[in-house]
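Heads up, the next two complexes both have subunit A, just with different partners, subunit B and then subunit C.
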Partner chain A sequence: MIKVNDSVVRELRSRGRFDASKCFSCGTCTALCPVGLPILPREIFRYALLGAQEELIKRQDEIFSCLLCRMCEENCPEGVGISGNIRLIRGLLNEKVLGL
Partner chain B sequence: MASQKIGVFVCRCGGNISDYVDVEKVVESIKGVEGVKIARVNMFSCSDSAQEEMIGLIKREGLDGIVIASCSPKLHLNTFRQMAQRAGLNPYQYTQVNIREQCSWTHTHDRDGATQKATRLVRAGIEATRHSEPLHPIEVVTRPSVLVVGAGIGGLRAAIALGEMGLTVHLLEKADRPGGLVGTRKALFPTGADGTSEIDSLLQRIHTLQNISLYTNASLVKKEGSIGDFSVSIRVEPKDGQDRADTIQLNVGAILVTTGATPYVPKEGEYGYGAKGIVTLREFLDLLDSSRDSDGIYYEGKRVRRITYIYCVGSRQKEGHTYCSRFCCSSAIFASLEVHKRSPDVLQYHLYRDIRTYGSLEALYQRALDQGSLFIRFSPDSPPKVECGHNGGGIKVLVKDLLTSKRELEISSDLVVLVTGLVPRVEQQEVQDVLKLPVGIDGFFNEIHPKLRPVETVVAGVYIGGCAQGPKNAQESVESSLGAAAKAGSILLKGKVELEPFVAEVDEGLCDGCGQCVEACPYDAITMGQRSDGTPVAVVNTRLCKGEGACVPVCPKEALEIRGYGHEKIRSMIRGLLTE
Partner chain C sequence: MSLKREDVLTILAQNIGIRGSAFPVASSALTAWAEGLGIRKGGHTVLYTGHMYQIIPFILGMQNREALMRSAPSWGMKVARLINPVINLTRVVTLGAAHPLDVLRYNRVLRDVATLLRSCGVEFGYLYEYEEYAGALPYDMGLDRVFLKHAHRVYKKLKGFGIRRLITVDPHTTEMFKNVYPEVIEGFDIEVVNYLELLAERWRPKVKGGGHKRPFVIHDSCVYSRYLGIFEEPRSILRRIGVEFQEPLLSKRLTHCCGGPIESIFPERAKEVAKARMEQLEPLGREIVTMCPICHLNLGAVKDENIQLWDIATILRDIQKEQGGNGNG
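And now, the complex of A and B:
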């Protein structure tokens, strides 16, 4: 059960331009990812939007494995700034979880 | 008299027919049949060159009737009727035999069987032409006036269009003021136009047109007559100072039904409806409309910070309202944009099955995504659950999100908007009873053909527009109502209308006035009249008769025939079918 809230989104937006709400979950990013991780941008962003910080913590290995190659971003039909969003989430995890 | 020099043309339809039916054999086997002068095969009968060739043959050979064995008459009956006319024949001395849909396409595995069936059908067609007589369409003079039932945005717009054509328009509204669903709305999607002022400007236009009369608190109570000349009664409820209702008689040439639809009202407890904080789309729009200048969203005095929308409430159900109501996705998303604009800090969650913001309305959806609305997709098998006010808490909506591997989400909400669609109006029943209009399984009025004849009904001279036909947004309602106005205008401005001559005829010498045909007719086209000697006899109103034929078999005296389908012709066609 995820208790939906806006804490993560508010935190991310205070750090920069987090524009993942534009995503309409087509899955192009997941299909194109050269790393082929089991969870990729689409779903990570949904967890962020839903305020599920624990889910992001559980998936930090994947989040930090992103190459920031921007293959997905170039092809995103909605023009989501995927790599920028990933960096914002990394920043959040660095500070909140890893205490960096 | 009947045709004795008949030309029979059997079509290959490229190979559509001849690949499965031996068309040469069909032609061979009907040569020598009584009345047949020539018989031959065409490659494509409908092509210009084949038509010219047939016209030449009709003239050269002095043919007085033709049979074309080709495709369904739904496709080319009128093509060949017109060709017959160009060749100087009466178009009703042409018979089309369908050996494509009924032979080649249905019996692809059985060439002999298909060929034999085609031969028999062609023989019956020859008998039909042999016993045909020249017929002429029935011409009906039309009155240049029209009744429009329902003064919502569609009815008003149609009335203006008809008024501007110079026709006399009687516009009826059941409520005490015109405007319908749009009339009370402050912001219409997609532009935010004010519905109230749109309706006001239409009303102003109506008041400047002398030939439009508007009746409010009025209903249609009776209809007699038929296309071109209806006689209707309307009842106008008493106004202040009057003690009884007025009944007004009007004569009109056509009737437009623009009675609209009504928002679905959820059942008590459906998604928590009835509890505080749970509102329908209409109630939510009213709330937004009543607080246009406010900086935030307030519900019962409290500021709203989290709104959850549940889509498809009362639409796309397994049983009951199975249809999509079309306007609700766009309307709800447009409302959420207003919320984003007024207070960007409000969180908005849209629980949907499919988003149907079709055409350019897609831009609304894009804007909502962009501005932070979160869309959560649920399966119709596990709809959201709404829990209200347990242990003093607020409203909680539970939903399984298909886009996050069906994870269960719990959404605390200050306001839940049930995005409700449209259903037929209860009052529609009166109009349905008076006009005898058919309705579809969803309860809305039925058109003849959804694509080709979208505003005509089976009752000639009665047209439908707007939501009376099914859910539509304001734009679509106006479009279809204007379509209905154009169709009505086309028969009324011409001053006459032509009807098919296939109507019932009574042989007065045989009729004994038993009245069974009166009972059998579904169109009330037969009444009991009197001969000059006072004895009863059935009388057919040819403008009401559809030539449907229910009266023919019930007559114990065989006194009724459908013109163009007489007893002798039908018997001969059956004999033709049975000939080996």
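And now, the complex of A and C:
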């Protein structure tokens, strides 16, 4: 069972421009990712939008594996600020998990 | 096995918060490149290195010692996190680790940048020991609190020196000052220009004969290309001095990352990304042009012995010297 917490999205939006809701999950980003992790970044965005904080915590390795190289963003048909969103999720996790 | 993410992030946050740098090495190592160049201290316009080229020899040295660090007991990093606020562990771990030839190579890039700028009449100062790291790594890693505090401190210092214009030399520092600082600091009013933009605008070298016939392969940095839109400038400059170069299939706005951004946390994954990029570059030629110290470091870690990596500033300066000139034509 996934626990959801609606404060996650609110917190992400308070940290900066979190526009993951524009993503329609086409998978272009995943196909182009130089790291080749299948989860990045579509599923991560779904978990963030749902407020599934525990799922994000479980996937920290993938979230911190993103190069922020913007190859995905350059080709995203919806113009999602993918690397910025990932950076905001990192910030949230650093605060919640490490207290940093 | 790599160092744990929480250890790396905690030590990074401590270093930024306490020492103002992701990789706090001795100030003399950061300013040595400028020795003998007679660059004035301060001024309205300064050449801003952001320490990026200078720290690469120390990162290389630390990588050579990483096996030793990994063999340390699991509590070793916990102890490191406890004592790092008091004792600068980066200094301890990198003591004597930088190879003198690497120091010369990366310092030379900065000297070449300064000489090239001077050759087209650009006047600038340098902040020497007062220059600060811009904060790209903590920003990218989402260490927002320490980054924001650091950025405000750096801006206050720049304003205190009366800086109106920064000439940056690497993509990460350029992105921080050009796009991130104005977003997080209200009223940020310092002009930021990258040296490649300045050279593209002003450099008119004398070219003798048919140009330079070594076939170079060009590798764009992700940050220059996709964050800053700087990819025609280096090509324009290389063509101007007669350099021929090959374009990989993935270049300009579609360039392939070198893996550098995750090297500190996932070194093995970073190497896989770098290898994938080298496989695209190597078939096109044996001399590769980079424009970013992080790209140079990461591609250098996976290249074959017969491949040479050059920073663009060094190539430009070498050819300028071959052509027997220092100034604009």
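Heads up, the rule we're going with is that the second predicted complex is superposed on the first by the 96 of 100 C-alpha atoms of A that agree within 3 Å, B and C clash if a C-alpha of one lies under 4 Å from a C-alpha of the other, contacts with A are read in each partner's own complex, and residues count from 1 in each chain.
Following the convention adopted for this analysis, contacts are C-beta pairs under 8 Å (C-beta built on N, C-alpha and C of every residue); 3 or more make two chains touch, one makes a residue touch a chain.
Predicted, not measured: the structure shown is a model, and the values here were computed from it.
S.K.: If subunit A is used to align the two complexes, do subunit B and subunit C fit next to each other or clash?
M.R.: The answer is fit.
S.K.: Using the superposition on chain A described above, determine whether A:87 touches subunit B (first), subunit C (second), both, or neither.
M.R.: second
S.K.: Contacts for A:78 in the overlay, against subunit B (first) and subunit C (second): which applies, first, second, both or neither?
M.R.: In the superposition, A:78 contacts subunit B only.
S.K.: For A:25 in the superposed arrangement: first (subunit B), second (subunit C), both or neither?
M.R.: first
S.K.: Taking the superposition on A as described, I'd like to know which of subunit B and subunit C A:43 touches: first, second, both or neither.
M.R.: After superposing on A, A:43 lies in contact with subunit B but is clear of subunit C.
S.K.: For A:2, is the partner it touches subunit B (first), subunit C (second), both, or none of the two (neither)?
M.R.: In the superposition, A:2 touches subunit B alone.
S.K.: Put simply, what angle do subunit B and subunit C open at subunit A, by C-alpha centres, to the nearest 10°?
M.R.: Superposed on A, the angle at subunit A reads 130 degrees.
S.K.: In the superposed arrangement, does subunit B or subunit C reach more residues of subunit A?
M.R.: So, of the two partners, C touches more residues of subunit A.
S.K.: With the two structures placed on a shared chain A, what shortest C-alpha distance in Å links subunit B and subunit C?
M.R.: Once the two complexes are overlaid, subunit B and subunit C approach no closer than 22 Å between C-alpha atoms.
S.K.: Can you give me the overlap between the subunit B contact set and the subunit C contact set on subunit A?
M.R.: Comparing the two interfaces on subunit A, one with subunit B and one with subunit C, no residues are shared.
S.K.: Quick one: in the complex, what on subunit A touches subunit B?
M.R.: Touch residues, subunit A against subunit B: 1-6, 9, 19, 21-25, 42-43, 46-47, 49-50, 78.
S.K.: Within their complex, state which residues of subunit C touch subunit A.
M.R.: Touch list, subunit C to subunit A: 5-6, 9-10, 13, 139-146, 222, 226-227, 253-254, 256-257, 259-262, 265-266, 269, 273, 276-277.
S.K.: Could you list, by residue number, the parts of subunit A that touch subunit C in their complex?
M.R.: Residues in contact with subunit C: 15, 34-35, 60-61, 64-71, 73-74, 87-95, 97-98, 100.
S.K.: Taking the touch rule as given, give the residues of subunit B at its contact with subunit A in the complex, in rising order.
M.R.: Residue positions touching the partner: 347, 349, 366, 369-375, 377, 401, 403-405, 407-412.
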